[in-house]
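Common to both upcoming complexes is chain A, partnered first by chain B, then by chain C.
On to the complex of A and B.
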């Protein structure tokens, strides 16, 4: 179990005065405020709204990459296919891995090939189990 | 892309096209075998080494730990669980772990002859590593402050080949012609242990007379011109 102060210290140690320190702390605050009794679906846009608009996408992406990585493991990365019908279909890691290796993604329900799948697969995040155990 | 043009939601296409440091974000998270984990790690380390090599003049006085810690910091930024001086049979220079229990250990040495590198190689392979399926690879990070890296690496490759390691073989690295891989039968596990030998070019001795070159600038009258140094 990690305490919030330990995580804050680690973030400062890793990023020092770089913008990612403040971005990571804003996201950590968001995660700790989320209800624990229902799943949270954090899109990139939601994370962007959490932080100051003065930060560039590159700065946010680096922070998200860090929070999703093995060092902190605070965010879990997921994928969803949003095709012309605008309905989101969750994709598991194996489907995305296979698509990245072969260049072809199959629709999880119809089985048809998705053209230009990289433009239709969106990333989203959920708080990891570690977040629930932050004291 | 400016802040005003920030992206709304994030697709695979957008993240892959964004920046060298985020391009491999997805591949890194999808790595589900040890070999894939190490393959991506080497791509990330190569990128960091390229960055470090850009300014050797700033690193002339650096000791081993300082360069290693710079590599470590960049790996952490990419999300790696990387640490320095972690105790595993001894104090490792660079340990990278992931949530599947995979481990990669790097041994860093400022080049000071083959015997010195051999000491580091033996620490890496026989002291720190177990050599089982979850840590079957490691790396030598050789910081070079003298010239002719190609000659240094060929000498080191020949030296290593003459050490009678069991089932030893080596082959070039397709990503960098100065690097090579060695393989031999690990004493503890009895399995083949692979080491990637990487050289970081920190030699700085410019021959130009540009104003950016503190070495070749004409000294003020009455002062002795500095000697060209290694």
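On to the complex of A and C.
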């Protein structure tokens, strides 16, 4: 179990004066505010709204990569298909891996092939189990 | 505000709309209770309505509307740019000017 102060220290240690320090701390605050007994679904836009608008996407993406990586494992990364009707469907990792290998993605409900699937598959994030145990 | 579509941190997608002339959606009881229960929401589609500045002259109640037609997908995109605005229910130059002034005001104040 980690404490919030340990994580803050670690983030400062890893990023020092880089913008990612503040970005990661803002996201950490968001994660700690989420109710642990409810599901969470955080889009890239939600993370974007959490941080100052002055940060570039590249800076946010590096921070997200860090938060999903082995060093912190605070965020879990998932995929979803958002179709032409703007309806999201969660995708399991195997479907996405298979699509990357074969170039074909099948709709999780209808089974039909998704045209231009790369334009319709998006990332979203959930807090990892570690977040629940932060004291 | 007449229409608002947004997502919540628990993964829901909401689309709320008021009938014209029934007031601001943000003051509606159901909306207010829901909004007070969560820290934040991520809006992606909004309709804002104003009384026409010439309603009295025309003796007709008219609501001018600006519609920012984003979609749920745009919240997941790394390129979150909304380039279009739909202006509805304007019949007179004065009404268009009124709406353009509003848009300019909010764009420059970066405060919608």
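Assume the second predicted complex is superposed on the first by the 135 of 135 C-alpha atoms of A that agree within 3 Å, B and C clash if a C-alpha of one lies under 4 Å from a C-alpha of the other, contacts with A are read in each partner's own complex, and residues count from 1 in each chain.
Throughout what follows, a residue touches a chain if its C-beta (ideal position, glycine included) is under 8 Å from a C-beta of that chain, and two chains touch if they have at least 3 such contacts.
All of these numbers come straight from a predicted model, not from anything done at the bench.
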Determine, under the contact definition given at the top, whether A:32 touches first (chain B), second (chain C), both, or neither. neither
Tell me which partner A:134 touches in the superposition: chain B (first), chain C (second), both or neither. neither
In the superposed arrangement, does chain B or chain C reach more residues of chain A? B
Output check: A:122 vs chain B and chain C. Expected answer is one of first, second, both, neither. What do you get? both
For A:62, using the defined touch cut-off, is the partner it touches chain B, chain C, both, or neither? Pick first, second, both or neither. first
With the two structures laid over each other on chain A, which partner does A:48 touch: chain B (first), chain C (second), both, or neither? both
Should A:8 be classified as contacting the first partner (chain B), the second (chain C), both, or neither? neither
So which positions on chain A get touched by both chain B and chain C? 43-45, 48, 57, 61, 120, 122-123
Flag every residue of chain B that touches chain A in the complex, lowest number first. 1-3, 6-13, 15-16, 18-19, 21-22, 25-30, 32, 73, 76-82, 97-99
Which of the residues in chain C end up touching chain A in this complex? 7, 9-11, 13, 39-40, 42, 44, 71-80
Inside the complex, what are the residues of chain A that reach chain C? 33-34, 38-46, 48-49, 57, 61, 80, 82, 86, 88, 120, 122-124
Under the definition above, what is the set of chain A residues touching chain B in their complex? 14-15, 20, 43-45, 48, 53-58, 61-62, 65-73, 77, 79, 93, 96-97, 100, 117-123
